[in-house]
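Structures incoming, each one as structure tokens.
In the two assemblies presented below, chain A is common to both, partnered first by chain B and then by chain C.
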Partner chain A sequence: MRLHARLVAFVSGLGVLLSTVGATGGSTQESHIGSLTGHAAAGKKLYRRYCIGCHGPDGDGAGENAQWIDPKPRDFTLAVFKCRSTPTGTLPTDEDLFNAMTRGFVTTNMPQWLPLTGQNRADLVAYIKTFSPKWKTLKPGAPITVPPEPALTIESVLRGRQLYQKMECWKCHGPRGHADGPSAATLTDNKDLPIRPYDFSTGSRFMCGATNRDLYKIFMTGLDGTPMPSFADDIKPADGWDLVHFLRTMQPLKTPELAIWSAWLASHANELKPIGPPGSGQ
Partner chain B sequence: MRIRDLMPLGAVALAGTAMMAGRGTRPPPAGTIGGKVTYTGTPPKMKPIDMAKEPFCARLHAAAPVLTENAVTGPGNALRWVLVYVSAGDQGSAPATQPVRLDQKGCQYIPHVLVLQPDQPLDIYNDDSTSHNIHPLARVNPEWNKSQPIGAPPIHTKWEKPEFIPVKCNVHPWMHGWHLVLAGSHYAVTGEDGAFSLQGLPPGKYTVTAWHEQFGTQSQDVTISGNEAATVNFVFKATPY
Partner chain C sequence: MRWLKKSGRGAQVSWWVSAIVTAVCLTAAMVLSGGRSKAYTAYSLAVHKTASIPAFARKYGLPCSACHTAWPELNAFGQRFRDNGYQLMNDRDSPIWQNPSYIPVTFRMTPNLHRESATKQPVDAVPGDSTSGLVSRTLTQSGFDLSGMDLWTAGTLYKNISFVLLPSSDNTGAFHFEAAFVRFDNLFNNRWVNFKVGKFELDNLVSEKRFLFLSGNGGAYQSYHFLPAGDVNDFGLGDNQIGAELSGHSDNSYTRYGIAVLSSTDGEVNLPTNQSYDAYLTLSHAVDAGALGVERLGAYAYLGRRPTYFQTSVGVPIPGTGTGNKAFYRIGLSGDFFFGDFELLPFVMHASDNAYLATATAANVALPPGVRDAQWNSGFVEAHYYVNPQFVLTGRWETVRMSQQADPATPNDFGNIDAYSGGVRWYPIMFSRAGLSWHTEVSAVRTRGSAFSPTDNVWTTSLFSGLDFDF
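And then the complex of A and B:
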């Protein structure tokens, strides 16, 4: 009896050893976030406990809860991710996936996973990368360069407002950022499912974070898989901060941007041209 | 020794005979596969596109609204925008290096169906006084999505792997096109007359495939033995919905 138990322990130990060896075989089985190294084998167990209900056993976003969820859970088999520090069309870094999991996605059913330890989340990142062969053949993109944020001035806010008009952000996000632009109602994602643009009156969090730097990365890299394109070819790196400063004025918060904007508006409101198509009121 | 190994010797011998006769060298035999793509049944009617939400483009087409392009037909039941290509038996060719051009003009993709080869340069232009976003919904290749505002320079890009990629503009939901990335170099896209011609095919056994975005895919086997012109016709069954 005791011998039998030992044998079982030995065989299962061998199994763990073998799977560990297998796991370290390729970089797709591991993740590296700072000093953390995640392992897919450990991530699989966590995935089956915390993620499978929505993302499904095959990682294709077809878990049993998926039918009740809108927007739908991410399909990891496509290896297309919204929140990245890397250019559009490239894989995100391990850290991008880690951060996305940690903060969750505002206005969706994806919660923050802060209750899991950093090691748990690193393991999950490693496992998520096993669902698509792209992680074996492609490398993550090089993170975009974000220049240091310049001082907030009213000139910067006004230049940002011009960019919002010129880049036609209002076509989807609306003249006041309320997600009611002329194209808002017809947007679809990469699975032809309806999707809403971000409404800046939602609160303090954006789809990919809550800081100015996160906001900068959102429009520079685009949210792949969604209608939100990358503006990296169209907005100069320094000018991106102008747009950040303007976007902040549209939030229902007492942001420094809103304060400077309100003060300016009090005496200059009649100098503003409305945002939107020519001839539109605001 | 197989027949194929003997062929160059035969060609040399032939060339020698021809030179002795003072007529110069003969080109290697190359056949042509041509034909016509038609439909039976009732295809959907192409509807006028309402571009009212984009005043700039609506004005451009004020006189004659643009029609949808997912099932365009011509006289004699001809079917347009069908890709006909050698899907098997292609004996390889030099990679295509000539850039292909996609225009966004009048809130339409021109051409609606763009064929190119892996790594062939692709230049995307915005000729409109409005912003577009180009969103190729690739699966095998990386999916990307880029904005191209008024006056922006062309986007220079390429596709690395063969794939049929639907392309759309999210700002203008009626804008829909295709990037068809083919491994081989023998292909044609039918025009209003439904005709196609695949040229310069050395002797061999080929599979010719016709693809239509709504009516599906068909294939036929063809054998080319010399300089002949083989005829292959495709008939798609069209349904209105």
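And then the complex of A and C:
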């Protein structure tokens, strides 16, 4: 009888232990990216290997390296993500997280995890979703519709330039896109940490991708957690493409936008009003 | 483990527990295997053969495990980092982004306790009396020792211009340059065009510089260094060579190639042989196998030449005047296959040395009758099981088989080798600042033929336990 009682106690204890583990729910989280299904249990091991140093064991961005990193690692417990295809204030899709992980963030310490298998990255996405209860109570937003890109014309670039002035992009990004606008030094993120606007003159890639389509999505969805707002309610889709065409002229690349802009500028420079406060701008 | 603990007191306790456990276990191992001391050894840990660079971890804020399956072996992410010229390809690669206090230097050394034993060694019957005749003895030695030291500095001189400088010492402190090169990355903005000049590791899919074995018998691949008895070729596939390499890779480094032109000196400086050049070609491709991991298969071919005699002055060879070059080659396949946490590294090679090299015959004299090229085949299978990023079990079986002796009178199996290694590496400390591994390994090598009989099997064995630290 005593043996039986011990056995019952052991099984009961094991049941309690398993139910406790199950109650955390973490290991059952999944992600779905195309034909891939990611599993949090598998992602946990990978997270420990690749991510924990910066994002921390609890996903709160407080890994051992966080103190040395600027900008700080993402705090997954807040479930606020910059690069999304979904409207501002909503959760990103699994594919958004997958793409961000694959692409990395060119202006931060977050590298491209492209060499990991797709399944590994899907598993990591699933595990990242265990850090915030929002993933249980909310659904990702519906991806915004990105209309086809219209033909590139000098008129489109000029309209984009007007929007850059009108929407006051220059206040943060600067008249020439050098991240030196009057507000640049005062910006903070959602954790009250200093944050810099993107400097168009320094790189070939943007925070959330390298294509015109990626750029369009950035200002139509905003970069949640940063001062960069969504302009989806303020400008029309066609205006968004105009802005894309203008912003491309600010990059140190031989883009078609820059070619058409430079050709026009050679004979029309004196027709332009400066961007931003008087005396500055291109 | 430190990794799973939150910051604060819990982390400190875990760190100390790990340190104490390490010390206790190491002491136990020392007690169990100590107490025997003899005079002879074939111990070859004088120079570290492996490389991992926590200076990079400090620069980029990544843990060792991001780039290494278990340091120093690279994983797919680390391979891409290396292929990109030690760059993550973000905006922070140029040294202008480095904190001025950042020190891009890495030290690696392994204080250790080891035991070496060799059977059927020729020993004077009466110690000190060279006329007493040779008898066969098993020689053993053991004790505390040091490894050689690596003093790495590597990184970027500018965006897309990278470098490595590796002064390396043996365990007496005698230094040489194990590696030193400058690499121009992504030339023409193309990742398929990278060019480096200097002394560097050959682009071997299975690296002997970044592997998980340290003991006297297990700390080198037999296949990479084997030469038939009497062969004067000095080439080792595992030796760093001096030359230039053109290489390239796909965006994820799943597809890679390398073409190198190398001085025929086996990495020795001052051009000790002559004006000859070797060539090394490598190609590998990997596939995404989902949950299993990244599976890679590669092919390689080394085509080389070595002089068979030198110009002389008063009968003394003049360095750098080697002539009568004769050819040799090494060709084969290798792989790196993952099955989740289990990794398998197969390697096969066919090798051939010209008859002149194999018999140490100068090319300006006639070969002995019947002599021909020496040929052999070799291969190994190495397995790793990653219990977690801080604990790995290792094993390896290796074989070398002569397929054609240069001298037909030599027994077919003379010089054949079978080698076995097994070990465990535990990383109680693995941060983005430094690393410590407790490495324990057992290795045994059986070689056909002794000083007494070509049919003898000579066994050399190693027991090794050391603290492999990398800062």
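Heads up, the rule we're going with is that the second predicted complex is superposed on the first by the 249 of 282 C-alpha atoms of A that agree within 3 Å, B and C clash if a C-alpha of one lies under 4 Å from a C-alpha of the other, contacts with A are read in each partner's own complex, and residues count from 1 in each chain.
Keep in mind that, in the parts below, contacts are C-beta pairs under 8 Å (C-beta built on N, C-alpha and C of every residue); 3 or more make two chains touch, one makes a residue touch a chain.
The model shown is predicted, which means the values in this text are computed figures rather than measured ones.
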| item | value |
| --- | --- |
| Fit-or-clash call for chain B and chain C when the two complexes are aligned on chain A | fit |
| Which of chain B and chain C A:109 touches, first, second, both or neither | second |
| First (chain B), second (chain C), both or neither touched by A:128 | neither |
| Touched partner set for A:187, first chain B, second chain C, both or neither | first |
| Which superposed partner A:117 touches (first chain B, second chain C, both, neither) | second |
| Touching partner for A:227 - first (chain B), second (chain C), both, neither | first |
| Touched partner set for A:65, first chain B, second chain C, both or neither | second |
| Partner chain(s) touched by A:168 [first = chain B, second = chain C, both, neither] | first |
| Partner chain in contact with A:54 - chain B first, chain C second, else both or neither | second |
| Chain B and chain C, minimum CA distance [Å, superposed model] | 22 |
| Overlapping contact positions on chain A, where the chain C interface meets the chain B interface | none |
| Of chain C, residues touching chain A in the complex | 3-7, 60-63, 65-66, 75-77, 79-80, 88-92, 99, 251-254, 288-294, 388-389, 431-432 |
| Interfacial residue positions of chain A with respect to chain C in the complex | 42, 45, 48-50, 52-54, 57-58, 62, 64-65, 68-69, 104-120, 123, 202-203 |
| Complex contacts: residues of chain A adjacent to chain B | 78, 80, 88-90, 134, 138, 166-168, 171-172, 182-183, 186-188, 190, 222, 224-234, 277-278 |
| For the chain B and chain A complex, residues of the former touching the latter | 53-55, 130-131, 133-135, 137, 139, 142-150, 152-153, 155, 170-173 |
